Structure formats: C-alpha cells, structure tokens
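Below you'll find the structures, each written out as structure tokens.
Two complexes, one shared chain (chain A), two partners (chain B, chain C).
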Partner chain A sequence: MRLFGLRLLQLIPVLLIVTLATFLLTEFLPGDPVYDILGPEARPEQIALVRQQLDLDAPLPSRYVSWVSDALQGDLGKSLITGRSVSATLRQRMPVNLEIAVLTQLLALLVAIPLGAWSAYRAGRRFDRAVTTTSFGVVAVPPFLSALILVAIVAYKLRLLPNTGWTPIGQGIGENLRYIALPVVTLALTEIAVYSQLLRSDMAATLQEDYVLAARARGLSNRHVLMREALRPSSFSLITLAGVNLGRLIGGTVIIERIFGLPGLGTAITQAIPAKDYTVLQGGVLLLAVAYLLINLLVDVSYTFLDPRIKRHG
Partner chain B sequence: MRLVAAMLALGLIAAACGDDGGGTGNATNTGGSSSGSAKSVTTTVVTDTPVKGGTVTIALFSEVKNLDPLKATGSGGSDGNRLFPIYGALVTYDPVKAVSSPLMAESFKATDAGFTKWTLKLKPNQKFSDGTAYDAAAIKANWERAAAADSPCACKSIAQAIASMTLPDPLTVDLTLKSGNATFDNLIARNALNYIASPKAITDKVDLVNKPVGAGPFRMDEWIPDGKMTLSRNPDWTASPGPYVDKLVYVIQSNEDQRVTGMTTGQFDGFYTATPSSVTTAQKDNKDATYASVAVNLGQTFVFNTTKAPFDDIRVRKAVIMAIPRDVLAKDILLNSIPADYFALKGSKDFSEASALPKYDAAGAQKLIDEYVKEKGPITFTMVVFQQTLDQARAKFIQTALDQLKGIKAELAVGASGDNVAKITSGKGDFQWTSWGFPTTDPNVGLYNATHSGQPGLNPSNYNNATVDKALEEARLLGDPAARAEKYKIVYEQLAKDLPFFPYTITTNGYVYKSNVKGGVVYEDGIPRVDLLWFKK
Partner chain C sequence: MAEAVLAPVDEFWKVAQAPRRLRNAVISSVFGLVIVLIGMFGIRSSSATLRSAVAAVGVVALFRGLQELGRIRIGPEFALGVWLALFWLVVIVLVAIFADLLPIDSYRKTELVSLRARPRLSFDEPLGRDANGASLLSRSIFAARVSLMVAFLSVSLGLTIGSLLGLVGGYFGKWVDVLVNVYTNSTLAFPPLILLFALVAVFSRGVWTLSIGLAVVSIPTYTRVMRAQTLAVREREFVLAASAMGASRWRIMIKDILPNAFIPVASYSFIVAASVIVAEGSLAFLGLGIPPPRPSWGSMVADGEIKLKTDPHIAFVPAIIMFLTVLSFNRVGDWARKRVLGERNLMG
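Presenting the complex of A and B:
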C-alpha cells in the first residue's frame, strides 16, 4: 500500500512535465486557432477581437499557470475552436478508446497465450515454425493495411460486418460489438503476433527449469505444466508489454479511428494539433498521461502478485 | 487484391483532401452523370408519389465545429448540410436558374428600383423546437446578433450591410441596405444568415454549439462528434411537403473509399463526394444510383499575386498557364476530375467563348519566358502550399511541369493552414502564388469578392481593373438575371485577358444515393434538401 501511495505521488511531477512540454510544443506549432474559428474571410478587427476573447494574447507562462489552476479544480476549459467543454468531449470519447483497447488486449491475450505456450512446448517443430513465420508476416503488415484488407474481405465481399461507424454500448451491446469487431480484430492481429512470440521465448526458457522438468516427471498433464507451472514465471515481459500497449492503444489508434469512422480520443487530439486548440490538446494529453501512468503502476503492483520475492525485497 | 490496392491508393489521397474549400457551383445535376458541364443538367423529376417512413443514413466527410449559425459558414461541403435540417432555410439558391426561391420565407423581394429596400415575408405558423414562433422578430434578432461588433460570424459584413430593419407585422421584415444589391436574397442563401436560431434560446444563452434550437425539417436527437448525428422528423415543419423520412442519420467517415464501400454494403443510403471516380465506383457497384450535385466553377484556382514580381507581368502569368497540362493534372492528380478550359462554366448564362484559358503550349510558354528573361533576368518564385497531401501533389506537379522550361524556377513553401491563409488574405501581398478557392454560386458574391479592387484580402491576387469593377458594380444593381449575366461575361472575358488567377478543374459537390432513395436535390453549393428525400418501396 505504501509502495502504491509513493508511486502515486511520483505521478505529480511527471504530469506537470508532460503538460508543460505539451504546452510549449503547442506554442512552437505554426498557425493560429483564430483562423480556424473565423475562416479565410475574417477581417483583421475580428481576428483581434477573438484573440482577446480567448486570452490568446496573454504570455505563455500566465496561460499555463491559469490552465493548471483550473485543471486542479476539475475545469479543463472549453475548446477554442468549437467552444465545447473539454471534459465533456473527453467523457464522450474516452469510452470508445477504452473499449477498443480493453477488447483488443483481451482478444490478443486470449489467442496469444495458448498460441505462445504451445509454440514453446513444441519449439522447433512444424507448429512452432508456422506460428513464428505467420507472426513475423503479420507484424510486417501495418494496421491500416490490415484494416483495408479486412474491410475488403469481411465487409465488402462477405458482408458480415459493417465497414465503418460506431454505436455506443448504451444503444445495444450486440450492435456495439458488431461495429467494433473489425477495429478490434485489426489491432489485435499485431498484438497477437508480438505477444505469442514474446511468451514463446520466455516460456521456452522456463520449460528448461528444474521444477518444470520435475512436474513433467511427476506425470502432470501438458496443460497443467504449461498453464499452471510455467505460465506465471514466464509472463513478466508479457504483462509489462501488455501494460505499455494498453496505454498506447488508448490514445494511439488514430489511423484505425479514421478508417473505421470511430469518434475516439486520437481523432480529437490530432485535430486539435494543427488547429492549435491547446485546451483540447492539453486535456487529452493529460488524460492519456494519467491513464498511461496508472496502467504502468498497476503493472508494477501486479509483479508482486506474480512473484512474492519482489514484495519481500521491495 | 485489386480492390485493396485501389482503396489504399484512393484512401491515402482522399483522407488528405479535407473540405471542398467552400467551392461553389453553377449547375444542379441529379442525373447519373458526374459531368461538371452545366449543359448536362437535368432537374429531378419525381415521377412517383413520395411516401413517408424509413431512416435515411448519409455518410459525410467531416465533422462540423459547432451547430450555432453564428459560427458557421453555410457552405454545403462543410456545415450547410447540418444547418439545413436543424434550422431550415429562408431561401434556397438554384445555381442553374441563378435565382433564389423562398422556402421558410413566403417571399423575399426588393421594393425599390435601386435595390436598397427589401421586404422579407415569412410563411405563417412556423415554430422553433422550443415552441416559440419563427417570426419576423426572430429574423431581426438573429441578423442583429450577426452584425454585432463582437460577432465572430463570417457573415458579419453582410449583416452589417443592412442599415435598418422594421417589422410592420409579425411575419414581415422591411430592410434598408446601405447600398443597393439586386441579389441580396442570393447573398442570404449563401451564408449563415439563412439559418435562424430561436431568439429565446439566444437570450437564455442556450448552448447552441451543442444543442441547437431551430425550426428546420428535422430535430436533433443525438450528436456524437466525429461519430454520428441522429435527427427525427419535425412534426411542426410546414415549409415544404416533406420531410418524408422518419429519421435522418449523418455518419462521419473521412475516408472516401469507406464511404463508397459503406453504401455498397448497405450501411449508408447515400454519401457526400466531390470526387468523380467515387461517383463512378458507387454507380458501378450500386445499380441505378443517382448523383445529386452542383458543378463547381472557380472552386479551385491558382492565384498569382499581380502586384509582386514576377507575376506583375502578364507574360509570366500566361506562360505558367500555358506550361501546365491541365488535362493531365485533372486526370492523374485530381482523381479524374474535369479540366477547366474557361473562366466561366460552359453552358451557364454568363458563359462566353472569349473567357477561354490559354491552351497548353510548352513551346509558346518558353517563348514568353525567354522574352521576359531577356528583359528582367531569370524567373524564380515561391508557391505557398498547404499541408494537405493533395495540395502538395498538385504543387509538385506544377513544379515539375515548369522544370521542363528554361529560365523559370518554382520553389515550394509548405505551411500550416492558418499561416498560409493569413499571408494570402492579409491584402499585403506577402506571397507570389498559391492555390485558392472562390466561394461562388451567384457571381455577385464570389466573383465580386475575388475580383473587385475594393476587396483587399478577399481578392488575393490584388487584381485591379476598372472595367471589371464597373461591370461588377453595375451587375449588382440589375434585377434581370440575363442582364446581369451580360455584365459577368465582361468580367470573365477581362479575366481571360488579364489572368490574375486561373481555374484548373471543374469539380462537383454532391450526394450519391442508392436507387431506392428518391428526391435527391441540392441547393446552393451542394446542400442536400433532406426534407425531400424518400424511400421507394
């Protein structure tokens, strides 16, 4: 519990650095949000007025301090471009990314764990070689291409699933899953390939351990040996990577969002960058940073359950 | 595999295309052809009786920033398609006939010979979704809001052109303009002043950005930005026989191919496109699909800064135009669009053979350049290029075309949209060449802004020609469309002589609909009349 509290405290400076860096980077970007608001027919006096209304003429440190003090009170401000509440925007978009990220990870782990474990058990044999070759092939294909191939086959040719769009869970879980299936499978493909190879490698080493050989000698079933004896000590790298990837998947799926027409956080953030909509950008980055750090914290804590020695030795 | 390759190639380009640039049109086409020529225009003939019911789902290419008319453009490609169902429209402009027709208005007419006095009469018994009356007071409140000193509206200068408004009865607004304008109704049709929000909602400071209160044919049920917008039929709508469909769903899909595929797989009943090849693909995959569209003229142009060397010399402007194979540019870079050969749209009322652009002639171009180089030295210039992939592709194409000539060198300066727009519209002439679109349906609006010398910023080429100014000013005071067209002919012909900018393609803004969707019509620069859509059983 102490470790957890300490790690939570360490998040504060990290968040400050992340938000300050984002603020500075935004400032260095070319362009002016006022042109996005007013359009090309704006007159100079209108531009000056809107700049004043949005407080864009204030010095950067003053704007940053003002943003931080508002954020600490739970107010992330309003989008400079749309005037929409940033908190409301994030609340609306985050479920899309969370659902994609969680389902992608679940699907990837569900497929990759048995695949990787069996490959390790059959190391060097035909099944292992087939899985390894396929995995390298899948990793080499960028997700946007996998997406288009899946759309062409599953949506266009077979007409099994919709090629684009989004239905919130609140409007029916069945419809929601129908729409999210292709994006999740697209993203999971790469994860499955990476996870299965990572687990295969770690588990192949674990299977050479004395206690595993002893378990085998005791006549325990392959399933028991692989899933009960060898999996836990072989899964440190897998859990670390899955944690990092979960953070990445929450905010880093913009191309998939675009292809499948998903109203996600990545789209909101990438649209905010060229428009210099720094309130949306800051809010989005803050949320992603918190999510990323919390996930990594949970991953760290999970190590203590996987290996009690870590807990004992701090 | 071929399908994937095609989707990939088109997807990369189309994803980068963004807005239609507020492009505007001069023809309404609801036939199967994607031709941009006004000659091929047919109007929708509804041979069957419309029936009520169903949900029509239409895929759009981009999300709107907000739903408050004050912060909207009214352009068909960007927000007009969302504003119309929610707010309706006072008038709709037909680019083929070059006239506005009243919709929520009963009539909108000038009442004096100088076109300074106008009377707007509204249809009775119209009301906003908050139950308040859609009346003359609502029009006055909205237009005063747009004209206010702190108004961010792109329509502000038009609202400020109104000197006074009086309300002789609840359904009538008498306007006095600061200066005469024979097509003030067309001007209203073109911008956000056409879309009226509930004055009660404005006074109560309702969040119109997210929760619009209008009196249009539909009412918004739900809006998931970058996802979809669901609207239901407004039972109080009386301005047209529709709406026929129960629900209208707009889905955002920025990838052009996904929109086309979505219609083929049955996800959408229609989709927006300005890409001819998408129309062809959709019509191939969907038998008898229709394309309700507006052909765009002057929507995409290359602008020379006529006050800065080397483009202050007509020989260089002409040489550059002659050096670019526009047919190749249109076919290979702009996805099989139609190359522009004239300033005016062929078949339109203001078309004139004398408005022809110089033909591709590399040898002739070299001759003009040699002449210039002999007098003033080698030509170097910088093109202001936008970050969009398509803009960079066409700029590189032109750079390559000019590289084939001696004595001329073009550099590209790729910049952020805001910076580029600032340079181009500053009126200070901080650029030499750029790509630009002139929002035009009625030439009184777009052509006037683009070419009248009294429009610094809006006239980015800094073009200044007394004949053109005179023709534009005279046209503004002519009530007869045919007489106005004669004046615009003079402008187009003079442009063909002076070449301050040049259109390079004719594109179309429009909506492809499946064969069972009837009543597909667009107005203005491509705003769909969703109140007229219905499903044939």
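Presenting the complex of A and C:
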C-alpha cells in the first residue's frame, strides 16, 4: 500500500504539467472566444465587459491558479461558448467512451486469448502461421481504413447496421448495441491482432516449463492445460497492454467518433479547439489524463496481486 | 524433452525429403505464377471479385513456393516477407525522392476525358484517375513524399531526444530519473490526437508542425526503451572497468553506454515510423494534414470516401499503397528488433 501512496503522489506533478500545457496551448490558439459569443458586430465596450466577466484579461499565471483551485473543489467552470457546465458536458459524454473502451477490450480479449493460446500450442504449424500472417496484415490497417471497409460492407452492401448515429444505453440496449457494434469491431481488430501475438509469444515460453509437461502427463485436456495452467503465468504483458489500451481508448477514439458520428469526449474536446473554448478543453484533457493515469496505476498495482514474487520497489 | 529424443528422426526425414521439397517448391512457384497470370489476364468476361480471388490464390502459392526455394538455397532463416517488405520500402522511398523526374503527370493536372478511369494495366494510367481526373499514380507518389518525410523527421527527432532523455535518466538515476519519468508520464497522459489537433490549430499545417507533434508523441517510447537498455548496460563489466580507470561519468555515458544501448533502441524506429504514418494518415483523413493541393494518402482516402459506392478504387488505391507501406515498416521493424534483441521485450 505504501507503493500505491507513493505512485499516487507522483500523479500530482504529472497532472499539473498536463493541465499547464493545455493552458499554454490554448493561449496560443488563434481566434477569440468573445467574438464567438457576441458575434462579429459587437461593440468594443461589450467585448471589454464580457472579457472582464469571463476573467480573460487576467495574466496567465493567475488564471491558471484560479482554475486549479476551482478544479480542486470540483468546479470545472462553464463552457465559454454555450455557457453549459463543463462537468455536466463531460458526464454526458463519458458513458459513450467508457462503453466503447470496455466493450472493445472485452471483445479483443475474448477473441485474442483462444487465438493466442492455440497458436502457442501449435507454434510453427499452419494455424499459427496463418494467425501470425493475418495479424501482421491487420495491424497495418489504420482504424480509419478498417472503419471505411466495414462501413462499405456491413452498412452499405449488406445493410445490417447503421453507419452513423448513436442511441444511449438508457433508451434500449438493443438499439445501443446496433450503433456501437461497428465502432467496437473497428477498434477491436487491431487489438485482437496485437494481443494474440503477445499472448502467443509469452505462452510459447510458458509451455516449455516442466509443470506444463507434468500436467500433460497427468492426462489433462489441452483446453485445461492452456486455459487453467498456462494462461495466468503468461498473461502479464497482456494485462499491461490491455490496461494501457483501455486508458488510451477512453481518449483516443476521436477518429472513430468522427467517422461513426458518436457524441463522445474526443469530439467535444476537439470541437473546443477551434472555438478556443478553453474551459471545455481543460476539463476534458484533465478527465482523460486522470483516467489514463489511474488505470495505469491499477495495472501496476495488480502485478503484486497476480504474482507475489514481484518485489515492491518505490 | 520429447524433442531431444526425436531430433535424429527429424533430421533423417529432412534429408530423405530434401529432393521432394525442392520439387514441391518449384512446382508451387510455377503454378502460383500461372494462376496469377490467369487471374490478371486470362478470365476476360468474369467479375473483378472472381479475378482478384484467383489472383490472390496464385499469389499465396507463388509466395510459399519462393519462400521454400529461398529456405533450401539460402538457409532456414530466410524470410521472403522481409525481403519483399525491404524491396517495397526501397522502391517507395526512391520514387518519393525522385518524383519530379519520373514520367508521370503532375498531381494537379486533371483530365476531362477518361474521368474516374478505373485501374487497368494496359492503360496509360495503371492506377486509374480520381473524381477530378487526376492521376492516382502520381498523386499517390507525391503523397508518399509527405508521409515519408514526416515519418523520417519525426523518427529522427523522437529518437534523438527520446534516447538522450532515457540515457540521462537511466544512468544518473535518483531525481534526474524522477524528472524524466514525470515528463514521460505527462506526455503519455496527454491524449495524443488532441495534442496533435491543438498543435495543428496553433501552428500552420505543414510538414514541420506534423513532424514535431508526432515526435513529441513518440519520445516516451524511445525514452522507456533507452532507459531499460541503459540500466542493463550500466551493470556490465566494461563500464565498471572504465570507471575504475577513472573515466568521468559523462565519458562513460557517451563513449561506453550510448554506443551499446543505441542500436537496440534504434531498431524500434521502423515500428515507430509505421505508427507515425498511420497517425499522419488519420489526421489527413480528418482534413487536418498537409493542406491541399498537395496530396496525402489520408486525404486521398477521404476524397474517395464520397465515391465509395460507385468508384471504390479512388479510396482503395491510396489505401492499399498506405497499407503496404505500413505493413513493410512493421515487418522490417519486427525483423530488425528480433535480430538485435532476440525475443526479449524491452518496453517497461
């Protein structure tokens, strides 16, 4: 637990740097949110008034400090353009990304674990070679291309699923799954390829161990040996990567959101960039950074539970 | 254990089968080549899907035959895929560099005749034309220039800065390492695409902006690998010997550790280049890459997306070229990394 506390402490400077970088970056963005609020025909005194109300004229350090102190009290401010509370916007958008990220990881692991385990068992044989070759091919397809191909086949040709749009999970799981299926499959494709190769190489090493031979000698089935005996010790790299990817997917789906017209966080944040809506930008980046860092921390801590041999260094 | 017992038996079979292997390999190659030719030119009336399916079967047979031939002639570790990937990379790099000297149309030149011509080998535009009638071959080649330039610049920048940070952090340890770690974690925690979006909005949408942005995103990878390498090399005897002889810490770091740790780190560059090309393509696909009229694979695919139902080749020609390039970078990178590092994984 001491390790956990130390790692948690290290997050503070990281978060400060990330938010400060966002602040500086927004400072350099072209344009002025005041013009977006008042329109092109605003009089100078109106502009000055709004600037004062939004506290835009204060020097950067003092604005940063006041933003941080507000954020610490849970207040992320209001969007400069729409006036909506930033935390409400994020709360509304977050479920989309969480659902996509979690379903993608589940699908990827569900497919990749049997694939990887079986190719490790048949290392060098036809099945293994076919999986490896296919994985190489799949990894080389950028998500925007696989999205395009899937849309062309599933949505246009077969007319099975809608190509864009979104229904929240609250309005019916069936409808929700229809809209989320293509984005999740698109994202999962690459992950399946990467995970199955990772598990294959780790498991091929585990299968050389004597206890696996012993288990086989006892006449246990292939399935039992692979899934019950060999999987857990071979899954460390896999868990690390799945964790890192889960964190990354929460914020890294901008392209998929745009292609499939999903109302996610990435779209909200990227729309804030040209509008120079810095409160939304700040809040969004902060949320994504916290999610990413916490998931990584949990992955690191989970090692010590998975394998007691790992020493806890600070 | 069973393998040890069976090794002589295996050896016997290999020797006994040797002539048959050669014969099978030759048959497979010739058969594959014939099928490919039939698929490309033989079946005139049938649909494109059938022809490409036949050609694909031929390509697989040809590939396996040549792979087997190479294994027999050159050695068991011969990998045809790596050689093909290297060949593709060399060709695309040369073509991109000398694009101006090639006998191709300008990427701006549009034709009213033969609008949206489909790819056809006997035709003067082998890859067809896009919706404006511009040559897809020429546009793809000039797009390769942008992608490869961005990949080269950002990998060079990322490799230099990233490995210096990893070297310093790994060698000095303590607070220097903590600082480097905080920096790496901050970069990793910043959503990469949002960083790129913001950079593109702040600065102009040029090759340098994209390269610097993508370098920033790739620095942590190099830093982590370099740090792990430095920690490993630092414990070796020759480093101890150097410090016993009174070499300064900077000298040890630059003269002893850097040369030994650098090659493994640099071997990651091909894989980083592949991901840089994907990222650049994604930005261009969203309209945030190099501004028109300069073509980019991503923006070409985006142009073709609208015509996907009627003229799929407009999107798929650049898509396939991009795919082959990324695939080749990955394949060569995987090979390079395995040669340098064995099966070890150095991330972490």
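Everything below uses one rule, namely that the second predicted complex is superposed on the first by the 289 of 314 C-alpha atoms of A that agree within 3 Å, B and C clash if a C-alpha of one lies under 4 Å from a C-alpha of the other, contacts with A are read in each partner's own complex, and residues count from 1 in each chain.
Assume contacts are C-beta pairs under 8 Å (C-beta built on N, C-alpha and C of every residue); 3 or more make two chains touch, one makes a residue touch a chain.
Since we're looking at a predicted model, the values are computed, not measured.
Once the two complexes are overlaid on the shared chain, A:Ala48 sits clear of chain B and of chain C alike.
Of the two partner chains placed by the overlay, chain B and chain C both lie in contact with A:Tyr156. In the superposition on chain A, A:Pro263 makes contact with chain B only, not with chain C. In the superposed pair of complexes, A:Ala58 makes contact with neither chain B nor chain C.
Using the contact criterion defined above for the overlaid structures, shared-chain residue A:Leu213 touches chain C, although it does not reach chain B. When the two complexes are overlaid on their common chain A, residue A:Leu29 makes contact with chain B and with chain C alike.
In the superposed model, A:Phe136 makes contact with chain C only, not with chain B. Applying the stated contact rule after C-alpha superposition, one finds that A:Leu148 touches each of chain B and chain C.
When both complexes are overlaid on chain A, the residue A:Thr82 reaches chain B alone and has no touch with chain C. Shared contact residues of chain A with chain B and chain C: 29-30, 145, 148, 151-152, 156, 258, 274.
Partner chain A is touched in their complex by these residues of chain C: 1, 178, 181-183, 185-186, 188-195, 197-199, 201-202, 274, 278, 281-282, 285-286, 298, 301, 305, 308-309, 312, 315, 319, 322-324, 326-327, 330-331, 334, 343, 345, 348.
For chain B in complex with chain A, the touching residues are 3-4, 7-8, 11, 15, 59, 65-66, 68, 71, 73, 149-152, 154, 156-157, 209-210, 224-228, 251-255, 258-259, 261-262, 264-267, 387, 415-419, 421-422, 424-425, 449, 457-458.
The residues of chain A lying in touch with chain B in their complex are 29-43, 46, 49-50, 53, 81-84, 89, 92-93, 145, 148-149, 151-152, 155-156, 159, 162-166, 168, 257-264, 267-268, 274, 276. The residues of chain A lying in touch with chain C in their complex are 10, 13-15, 17-18, 21-22, 25-26, 28-30, 136-137, 139-145, 148, 151-152, 156, 201, 213, 237, 240, 251-252, 254-255, 258, 266, 269-270, 273-274, 281, 284-285, 288-289, 292-293.
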